[in-house]
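These notes open a run of structures that come right after.
Across the two complexes that follow, chain A remains constant while its partner is chain B and subsequently chain C.
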Partner chain A sequence: MNDVAPALRNEVTARRGRTRRLPLGNWERALLALLLLLTAGLIAGVPGFYPGFAGFLALTENFLPFGFVALGLTTVILTGGIDLSVGAIAGLAAIVMASLWSGLHVSIWLSALIGLLAGGLLGLVNGLIITRLRTEPLIATLATSFIYGSVGVAIAGDNPPSGFPDAFNRVGTGAIGWLPVQIVLFAILAVLFSLLIGRSTFGRRVVMIGYNTDAARYSGVRVRQVLTLSYVISGTMAALAGIVLAAYYSAVRPDMGDLLLLSTITTVVLGGVSIFGGEGSIVGVVIAVLLLGMLRQGMLIAGFSDMVTTMLTGAILLGAIAVKNLFAGRGTGLSTLLGRFRRSGTAPAE
Partner chain B sequence: MSATAAIPVRERAGAARRDPRALVLIGVTVATILLVGLVDHGFMSLQNLRFMVLNCVVLSLLALGQTLVIATRGIDLSVAPVLGLSAMVTGLMAQTGGLPLLGAFGLALAIGVILGTLNGLLVAKLAIPPIITTLGTYSLYSGLIFLYSDGTQVTSVPAAYAALGNGTVLGIVPIPVLVLGAVLAAIWFVIGHSRFGRAILAIGNNQAASYNAGIPVTATQVGAYAVCGVLAALAGLMFVSYTGSATVTTGTGDHMELQSIAVALIGGTAISGGRGPVIGSVLGALFLSVVLTALVFVHVPPIWYSAGEGLMILIAVTAGSRRTA
Partner chain C sequence: MPESVAHEAGSGVYRARGITKNYGPVAVLRGIDVTLEPGCVHTMMGENGAGKSTLFKVMAGLVRPNGGTLAIDGDAVSFAAPHEAHARGIYLVPQEPALMPELTVAETMFVGQLPTTTGLVKRIDWRAMRSRARAALDTLSLDIDVGALSRSLSIAQQQQIECAKALLRGCRVILFDEPTSPLTTHEVEHLFATMRHLRDEGYTLAFISHRMDEVLEISDHVSVLRDGMLVDSVARPQFDRTRLLSRMVGREMRTIPRRSWSCATDQPALVVKGLAHGSRFADVGFTLHRGEILGLAGLVGAGRTEIAETIFGLRARDSGSVTLAGEDISTLQTHAIIERGLVYAPEDRARHGAVLPMTIAQNVTSGLISRVRSRLGLMDHADEDRIGAETVRRYRVRCAGTDQTLRELSGGNQQKVVFGKWMGLSPSVAILDEPTRGVDVGAKDEIYALIEELAREGMAILVISSEMEELVRLCDRILSVYEGRIVAELSGEAITPERVGRSYLGHAEAQDGVEVAA
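Coming up: the complex of A and B.
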């Protein structure tokens, strides 16, 4: 393998060697195994789940918008923040796009671009409120989600535009050969985000802030800038999800993003990202997107109601985090406290 | 009562007399009533005042529970489905089975205790972050509503329930307001004058220090979530009694969980824990009810109501942080 002399192969180089061969942590590996098992089980056990390869891939169109939001939200959660306004931003951006297209007869592609920018702008507002007014992210984005939601309803009016050009709708439902456009888009963005979070200076800073904001500040990271930018990214990705949803349905509704919020937080956390920030990877989130999406589609095709599927998702979330806490005893931010409890003899679980 | 030196209780709850926020909220509420009342005299009518008070009872109950949980540095997103499940179960049993009112209270209590305790155990025993825990149980409990209702919904309730929701004592004081008053007094006493309340504030201030000081952290956390669950379930019973209806989306459809957090924040609760201004929470709900009704009277389209709510949260929170800074 490596031509490093045995004496020089200390723990760090050894770990680096391992990382190169399999860039997955334990959590990601467990998720991947679960995903493969689940998909195999669904294909074998649920008739109609595998209607040929193209049809199988097309299933992802139902849940990949969640994935777009999840990528952006991961960036925010890695900083230790949260963005509750992603659903409202998704709806508002889609409505901005649709209104420009139908009201002012702007080209749909230009409208979509403006919708994306609007999402970024709304994210910027979030970021500025959080960093300049020193508001907790939870509160700030809760408040802005109310405001953005209202603005969306106001712009949409009673009859929101629908019936977009076919070329645009292909973003949501079309395919390049047998490969759905949404998958191509998601794959490109997943790789970009993976590089951004895992390989770029910005990503390092994001994780560092989430791990220890004070330490990051003392090491010269411009915390406010990085935080604000992470909310801009989250807003832009939420807008993208809204626009893809608009293309999928060929219609917009101000409340179409409502479903996104809770499911996406579930996805990100299941993907191994600590809700306290500073820990997690894009790979895990991508696997979680596919895992939860496949599960949902499989259950729906098998005839279970949406609500039962939601219940199962909730149970999986709780179970996964409980297992993670119990076995790893790390990464929740409470670990030091937990360790103290354990040493003091309190049983960690009942 | 006195805060021990080891536990830095920043602000004693229940000391609403000295909390400027409560006074500010009362002042702003009265000012709003007078201002809008000058424009439209109907706003100051006894009937409308009663409506506004009645309207805030359900949200006040939720916000009181939320305040307790947030005081421990937690959060409870599952109050909305707990409210919905309690409204659905008690309502359906009253509608089809003729469940007596006392039984409904018992049932709501049981639902609240069980679901709330489950939240608390997950948070305290498994160390799952509160927001994740209650996000998960939000899905679980919503599913329970769906499974239990099985496509049916509550369309009417027996007379005893309607009296609980809409009746008055001596023709003046609405019964829901009495219920809220009793709950408020109890919670105010608990958080300001009981060992349990002081433990809640201590944990919210510094969990590790509380543990080292011998405060039963786990039990207190579980207790806080259980009380929150009970109040949410009681809110559900009050809701179904007041409106006479409950559907699968009751509670979750209007995002009651976010509303209750909003009201608690407007009332002066700090999201970082350690503060439990229970009177502020009720005043916050009353203020919200007054402002939303005022928007109707000055002909603001309903679509802007939630934007107004968002602005109020931002103002309340930034004003609060300035003062403490």
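Coming up: the complex of A and C.
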């Protein structure tokens, strides 16, 4: 696509267009290959990583909550924004649910639903602060993350509720046959988000805003409405992650979401979503969720400390982004680099 | 000459021989021979994509050619970077100079070579810097304060500062890449005065322009490029407007007179009354009729774009009403205004008009995404491609397919996509802000023909343009805007470039002589 500049040709062409319908771009393909290699390597090299198919699938329960957050956060990052309050929202939503259940004896399922709605509401607050008070998303959600987190601590008290009903805990640890419930939930949501971003008019508007907010406004896109909705989605997904985590541990803690934030941003960026907005796909993010999760689990099972694993995650992120920028030719790309070599050489290689 | 202006030893004959440049398989320059002489303004003309800018970039060391030689005063030269070209006395003034907005004029002129005091501790010699900057500006008779911040300068002044920078670096060959398109008529005259001054001092000047009148006015020599080849090169005595135009487009073309027909009706499509906003504009009122092409003439910055953006719901207004087909739309949001049949194609394509990283098809449907067929909330991409392909065909967009991103297209083709994006909605009123900005001559005519065709179909069209020829050619009626107010209305026989120009320029100078024709 980039090797021609047909605009420079003089004949008038109106060839029947076709949009690339391949679900995987180059980045996603590379990630997928990496994921398969890594998984194969871990299965072959780490004893205990593959304890049978069902056990292998159950490994995902450790990291899929990150995936839920990543799906919602992707929507926000595609608009060119950021939501730093996802961890706090996850914690607060789980605590709201647990408190309703233990304090007011509301049914756990109804409590979970209210927890989800609370997440959406907190996201709405983020969105309104950003769009109505014209605050930078970074600052606005940093501030609300402190507020939401503190509220969570206050509600939870010294002795947060635990020991939820088994039926509820199955959301976090149960399986349908050999298929963990979390995987089913994640698969459904991944497909929904993929359609939302790739095929719905909302997703199109999200991407337009991410690439060029002004042009979106001049095209009649209700920018504030779309932005607000994207933060609502992000908040709801964070709440879902908090609730699933609560079911997984059968307990809640106000700081349970703290780990989510940075890992999830890492995942989204590794998945190929541009932090400046516009560019990226849900498929890439889904693969990145699995890639980072598998890597982490593999390392832990192999006996590396959490510290080493985290360090490696950082290195992978840096490496991946460096490679991506080199190949994407964002001005400081590979072509520039090669050009530099050529320039210093004797003969122009072009 | 002040001591600040260094002289190269040579006289400044700059010769390019057989320059070729390819981008991948596409040949942009195919063996250009051109010689720039001292004391001469040499103009390059050609449609967009003809290779003029690339040629200048090659000559100024920004782009490396694939073949050919450059020679200054007979010495073969080759440049790996612009500063090497500067060292050999060649300077390129970009169309929109990138000065450092927070630095003063003097600082910006000396970026990269700040004068220092002698002594143990070298400090910046502010005094020398200011006086040398002043001297360079005086050489060009420029009345610009060297202590002013760069961001306070107009684009015209920034270009003049670039000229002064060229002088400070001792450059004898100055290339201007399409300097006049962002300038007002008045500013162009200032720039030309500077250029003439430099020419008379024996500098070698080269210049790119689309505007025939300017070219005929300033040039001593004109070269015409088409598709990367030099198709004509004539000295002043042989200038011939028709010949140059036909060489540029490669086919016979006459200067087109005002069209004789009008399909303006007396049915109002858009009625604006008493529109005002702060100090931007006030008391703006007019009626646009079905089938009418109404022009808004005026200087850049007169408030015409702000008026259009206010009508389109993008800006707040203090008072006034806007009525579209009998309905008050002044309180509606942009999306609702679009749905009711009023569209606005903004002047700044890259910032407002289009999303350059998105595909042609996606840009075409971006004005009203819901026009793409959806099933269960999912957009039918095949339908979107169909709409895109239809637009590409109808507006003759040169592209490889509707999945190309807009960034890969030339300015004229981008504009056609933006045009198709809005006209595909069959609006009843279209506001076109600088519809042919950055569009080459051939594509301009196509766009004029499209606008006339739409008027014939009954669309009401408001054209904002800074190109006199465009307004005179297209419009049934012209409103002159000066500092946010409509100061004159011209129609019929009264529409001539002179009278339109006088209607606002006269106002600018004398605050009277307002001409209102029937």
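Rule of thumb we're sticking to: the second predicted complex is superposed on the first by the 307 of 350 C-alpha atoms of A that agree within 3 Å, B and C clash if a C-alpha of one lies under 4 Å from a C-alpha of the other, contacts with A are read in each partner's own complex, and residues count from 1 in each chain.
By definition in this document, a residue touches a chain if its C-beta (ideal position, glycine included) is under 8 Å from a C-beta of that chain, and two chains touch if they have at least 3 such contacts.
Since this is a predicted model, take the numbers as computed values, not measurements.
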- Task: Would you check which partner chain A:150 touches, where first means chain B only, second means chain C only, and both and neither mean what they say?
- Result: first
- Looking at the overlay, does A:200 come into contact with chain B only (first), chain C only (second), both, or neither? second
- Pick one for A:104: touches chain B only (first), chain C only (second), both, or neither. neither
- Task: For A:326, decide between first (touching chain B), second (touching chain C), both and neither.
- Result: first
- Query: Once the shared chain is lined up, is A:314 touching chain B (first), chain C (second), both, or neither of them?
  - Reply: first
- Message: Applying the document's definition of touch, where does A:221 land relative to chain B and chain C: first, second, both, or neither?
- Response: second
- Now for A:276: first (chain B), second (chain C), both, or neither, which partner does it touch? first
- Intersected contact list for chain A, partners chain B and chain C 348, 350
- Message: Applying the document's contact rule, which stretches of chain B touch chain A when the two form their complex?
- Response: 75, 121-122, 125-129, 131-133, 135-140, 142-144, 146-147, 207-208, 211, 218, 258, 261-262, 265, 271-272, 301, 303-311, 313-314, 317-318, 321, 325
- Note which residues of chain A are touching chain B in the complex, please. 82, 84, 129, 133-136, 138-140, 142-147, 149-151, 153-154, 262, 265-266, 269, 275-276, 305, 307-308, 310-311, 313-315, 317-318, 321-322, 325-326, 332-334, 336-338, 340-341, 344, 346, 348-350
- The residues of chain C that touch chain A in their complex are 22-26, 28, 49, 64, 66, 80, 227, 312, 314, 333-335, 337-338, 344, 346, 351-362, 366-370, 372, 374, 377-379, 381, 384-385, 388-389, 392-393, 396-404, 408-410, 413, 421
- Spell out the residues on chain A that touch chain C in their complex, using ranges where they run on. 1-21, 195, 199-201, 204-205, 207-208, 211-212, 214-222, 278-279, 343, 348, 350
